[in-house]
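Here you go, one structure.
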Amino acid sequence: MPGPDLLSSQGLRLDGRRPNELRRIQCKLGVFTQPDGSAYLEQGNTKVLAAVYGPHQAAKSKSLQDSVVVNCQYSMATFSTGERKNRPRGDRKSQEMSMHLRQALMAAIKTELYPRSQIDIYVEVLQADGGAYCTSVNAATLALIDAGIPIKAYVIACTASLAWKDGEPEPLVDVSHVEEAAGGVVLTVASMPSTGAIGLIEMSHRLHMDYFDTVLSRAMQGCKDIEVILDKVVREHLAEGWTKSDDAITI
Amino acid sequence: MAALNKEKLKEMGKLCIPGMRLSISNKENIAGPGTYELRGYIYATLCGTLKIEQTESEVRTVSVESPRTPSVLPKTGDVVTAKVTVVNPRMVQCSILCVGSSVLVRPYRGILKKEDIKATEKDRVDPYKCFRPGDVILARVLPMTEIHWYHISTAENELGVVIATAEGSPQGVSMVPISWSEMQCPKTLVKEPRKVARVIPENINHALFPIRDNSTKELEIEADK
Amino acid sequence: MTSHVKIRLASERVNHSVTTNNDLPRFYTPGEVVTGMEDFMRGHGTYAVDDSLKAAVAGVMQKVNKLICIRPRKNRYVGEIGDVIVGRVLEVQQRRWKVDTNSRLDSVLQLSAVNLPGGELRRRSAEDEQMMRKHLQEGDLISAEVQSVFSDGSLSLHTRSLKYGKLGQGILIKVFPSYIKRRKNHFHHLPCGISVIIGNNGYIWITPAGQTNVVEGDDDEMAAVELQTVSRSDRDTMARVRNCIMALAASKMMLDDTSIMFAYEESLKYDDVKDLLDPEAMLDVAFLTQHRINYVVEE
Amino acid sequence: MPLDYRRFNGPEDSVSYKRFTKGYLKSYDELYKESLDDKGVRKDGRALSEARSLFARTDMVSQAKGSSYVELRKTKVVCSVFDPREIPHQNEFSQLGQIFCEVKFAPFSCPRRRRPHVPDAEEKALSVALRKALEPTVCRHMFPNYQVDVFIYILENDGSCLSAAINAAGLALADAAVPMYDVITSCTVAIVGEKMFVDPTEAEENLATISPSTPINHGIITLSMLSELKQISDFTQVGSMDVECVVKAMDILDKECARLVPLMQKVLVANVLKCFETRKRLEEEANEKEQLLNAKMDEWKKLLKFT
Amino acid sequence: MAGLLLSQSEKLFIVHGVQDDYRSDGRSNLDYRPMELETDLVDTATGSARLRLANTDLLVAVKTEIDVPSPDKPDLGKIEFNVDCSANATPQFEGRGGDQLAVGIANLMQAAYQSSQAFNLKQLCIFEGKQCWKLFVDILILECGGNLCDAVSLAVKAALFNTRIPCVKAILMDGGDVDLQLSDDPFDNKLLDVGTAPLLVTLCKIGDKCVVDPSAEEESCSVVSLIVGITGTPSCYSDQENLAEVGGKFSTIDMNGPGSVAPKTLKDAINQGIVAAKLLDKALAKALINERKENIRTKKSSYGFLK
């Protein structure tokens, strides 16, 4: 069993967090002016920029008669990791990530509202320190909200792992790069916490069936926690752009 | 050698190369093909010989004629020779082979829309009764609106099918026009509908398969009698 | 030669917010239940699950009788019949133009929906089609009105009025459509001597007052008007108005003729128009404008 | 990258054995002395301001619509130009046609072996520079939505290959009857201190790229001109030099480009003459054939009547 | 970059404005838009900077690796530029859409940094012939609002200014191999000497005049722009008084766009470029030194994209 050293004798993780503690989340909506929506999100040392263009007219070849085309691109800056990457995108891993991103977001976007249109979602990972996919999903959600694109609920992704403390299984939330590299199991969940629906689950490494539920529920709990934080930021962002002369409420 | 060249030069006229200043550009001198106008002068764009044509009274067109096919594409208003490739109820697709008298190195794609086939009765045109794949047609180029496709028109008496082979006839046997809308195979005597072009015969092919006017035909019939 | 280079540090970054944080409305975020009652109609930005109505976007509630909408802070332009828009011609097609109006689908301007030179209704013939590019070509800006909305949400425009048509010289500014205040009139001749068209779609057109839209008239006349050089003083005012609108938009303030004029007047204390590009000046102008608007509202 | 995995491909990067010989790494001064002796004569016997003699001809490649060959002593370049063709993967209407340029070094063109398939950084940069130089020269509005292909193959590289390529491309375009505004000529100068090497060889170019320890001017400038219109169509400079030096070099290059124009014109005139000759010959042949055919026809007609 | 679509009269308005030396936003032809700079915001890099020039937004990170020097230049380190156009900037950059632009800018930067008078690669040498530092300068374009080249060069210089290279404590020779011992102490490092690092100035020819810092709209009105790389003045970046007044030399000149220019315009433009570059360099130096001073006083907190 890997990972006895993921928790110290005091029950703290390698970076000093408690098992159910998230990394520090900081974010901002509307960082850029040209895209319809954009967001910047930091989860610990993982930093992601997301931009949303659209909905706009889809190219003739792609256009769908009854729903919107969602187009995602996941890209990692060449300097985002400790070792320099040669290509920011186009490799198998980032293509897979783009696909997963699309899958998770499609579950929430109300695609039927925009026939013959297209929404482009671009994610740029500036710094990757574990959980780059989760941060990307969360940032993309914020960017979609910033763009005013209707979604059913927040799509939040979170990872969880499993460590052992005194022979007892102890799931860890929001896995950092060091913990990922230590070789434990990493379970990634993209879900809509407010409805409880899960858009995507992915797991690497081996995990005993018996512990799956505990790890999953820890990840889901993580999603819920993140949602609360992001929701607060969105409300603050709305309040910031609020001016008195606004004639929005016409009852 | 030099003497020879001089002789030839006289024969050919003035030689031009790109960027050569040819004349003043004003109401009397107009820039023609192979030239361009800049700051009141006409310059050459091609290698070739200078041609000055008196088009109207006191208006001269200055142009450069290249010994090679110029590397230009069909322009709006040009008459092109094209081969029909696809016929469907809405339009006819073809590949453009020649522009005017010059043969193109590569074919370009052309589209002949249903409403551009005939000048009259546009609504009742059936492309199948006008063209068949394999026909060689003359057409005029319309303004370019699409990338990679030239829109062409045959809505003129002189435009339409020039060479066509009837269904079932051997290759190389072209039909002979018998009216504005019909052609007949000289061998199998099969009649097929076509949008026929009125062509003035001028070269050897027409000598082999002469296009007879109806009037001459009648005369012959009379003579037979 | 005087050149002007300014590099500031991130630590000096200006927060453009001009909010007075006292009376904020209730905000809704995606997935939040707006109402549990059934007898409400579902509007934009909401969706129904089981018997409750939930928000699909983040924004404020707008209630018209029983219709509940959630209006997001910014989104693409959603056109309504009668809206004045400024748009850019993207494509010349058969019998129609495709126009970019910042909505989610390209808008359409039918050949039958424009006043062609010659005036009276004519049979739209093939020659007209070839003339289309002469009338409006790719890149041209137009002002137009939304004539109808197609079932897929794309807009059909018309320019059948003297005030609409091709736009001449001027400056185009793009802001988010939600910053535009809906008014009866969107064509304004500002007292400072220039005209603005505040398109409902978030495209704002600034032009010298003398330059009305080039609609009718023969070609030579049109060309002559289009080629005229804009005078330096007009140019100066236009640049100032442009920078003021940018400042207001950066502070997410609502735009209409009043706020633009207020901002213009407040900006006059900066002699040099280019000083208005500095974030501090932008915030200052926006703040003072907001202050004046608040004052007027309270009056 | 297409690599043959069935054989041993050798290391990605290899070092010439010469590196381990004595005197491989010469000092800057040695290199300088080698290039220019005390009398101001260059290694190949030229004066500083003297360009290599240019040999050029058109009609090299029979498959191409137009082609040319340009030789500056050891720098040898072939260019072929093809008729306009559709631009692949283009979906926007463009009023101007495009020029597609590809510069390729022959594997044996220089001491360092070149990879035959994949264009390397230098080739890409040369292609871009060539395209930029040609764009103002060609009447691109004559072929909207289409592209003209220009291929340059450098058989041997001994410096100034960009100017050689531009000169060759200008000739080939004219030969292909692609409409052009003007004859384009180009020239390179290598600068080392106060000395300006016109039309430098590869060794001289190398010398100019090495940064000397003292802060003197050094670098390479390539300029291409449309001489009738007095326009600069491309200008590239690398190295480090002050304004006076750039201006001085520009004047030298300007003159040098102007010097090349009559040469180019001569080549083009010869080309036109040759074309007319061939055309005349072909016409004569065709006439002969037609007469033969007509005679045959008459024969047949007689036969027909006879029967 | 693919040009913005503008109508003829909008273009005319801009051209007239440039003629009048009064642009659409009130600037004169020589004014830059306000910029914002921050350094040291990427933890995974040895040096980084973010520059925002109106709508143009860039992130530059420098990563250092140990490499073997090339056999021709055993005493020099290496520097490599790599530009990535993020699709965040515009959907046109999706996939490989931004490659052409990226390669163009990277080549330009490479050319500008080639001369030792622009950037001394000797400072990257660890052990002659065996080991050297290789700097990877990765430029990420996040938003495009015109004038990319100038912004890139400024951000790169700032990122290099911010780069700290670990000190080498010991070099062990183990047979032919070299074994390096780097200092573990994160504060035991050296700064790079970047005073002479070049800045690029784009001079966009609109009508008959040239403007600096063109907006995206202005760029699409111009058929040709001139990019000059001008070496920096080290005295701005250092407190030392007795530094020789060097810099202000051209390290690269390039033309961009399909048009051509008259020789006189070119000469005027390069002079204009020098003036602009000197001002830019001074402003950049001031900002960087201020930031460094601020960071010494207070604990640095990165603003990044927050706030």
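In this document, chain identifiers A, B, C, D and E correspond to the written order of the chains, with residue numbering beginning at 1 in each.
Simple rule for what comes next: a residue touches a chain if its C-beta (ideal position, glycine included) is under 8 Å from a C-beta of that chain, and two chains touch if they have at least 3 such contacts.
Source: prediction; values computed, not measured.
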Co-neighbours of subunit D and subunit A - touch as defined: E
Of all other chains, the one whose Cα centre sits farthest from subunit A: B
Geometric centre: closest chain by C-alpha means: E
Whole-Å separation of chain centres (CA-atom averages), subunit A against subunit C: 34
Subunit C and subunit D: spacing of chain centres that average the CA atoms, whole Å: 51
Distance from subunit E to subunit B - Cα centre to Cα centre, in angstrom: 56
Multi-chain contact residues (two or more partners), subunit C: 138
Per-residue overlap in subunit B, given as positions that touch at least 2 other chains: none
Multi-partner residues of subunit A (each touching 2 or more other chains): none
Residues of subunit A that touch subunit E when the two form their complex: 26-28, 31-35, 38, 40, 42, 45, 47, 49-51, 53, 71, 73, 75, 77-82, 84, 88-90, 120, 122, 124, 126-128
Complex contact set, residues of subunit C against subunit A: 17-21, 23-25, 27, 29-32, 45, 47, 54, 56-64, 71-76, 104-106, 152-154, 178, 181, 251-254, 259, 290, 293-294, 297
Touching residues (chain side subunit D, partner subunit B) in the complex: 65-66, 81-87, 90-94, 139, 142-146, 148, 174-183, 226-229, 265, 268-269, 271-273, 275-279, 290, 293-294, 297
Complex interface listing, subunit E residues touching subunit A: 42-45, 48, 55, 57, 59, 61, 63, 65, 82, 84, 86-91, 94-96, 136, 138, 140, 142-145, 304-307
Partner subunit D, residues of subunit E touching it in the complex: 71-72, 74, 103-104, 107, 111, 114-118, 224, 226, 231, 246, 248-263, 266-267, 270-271, 274
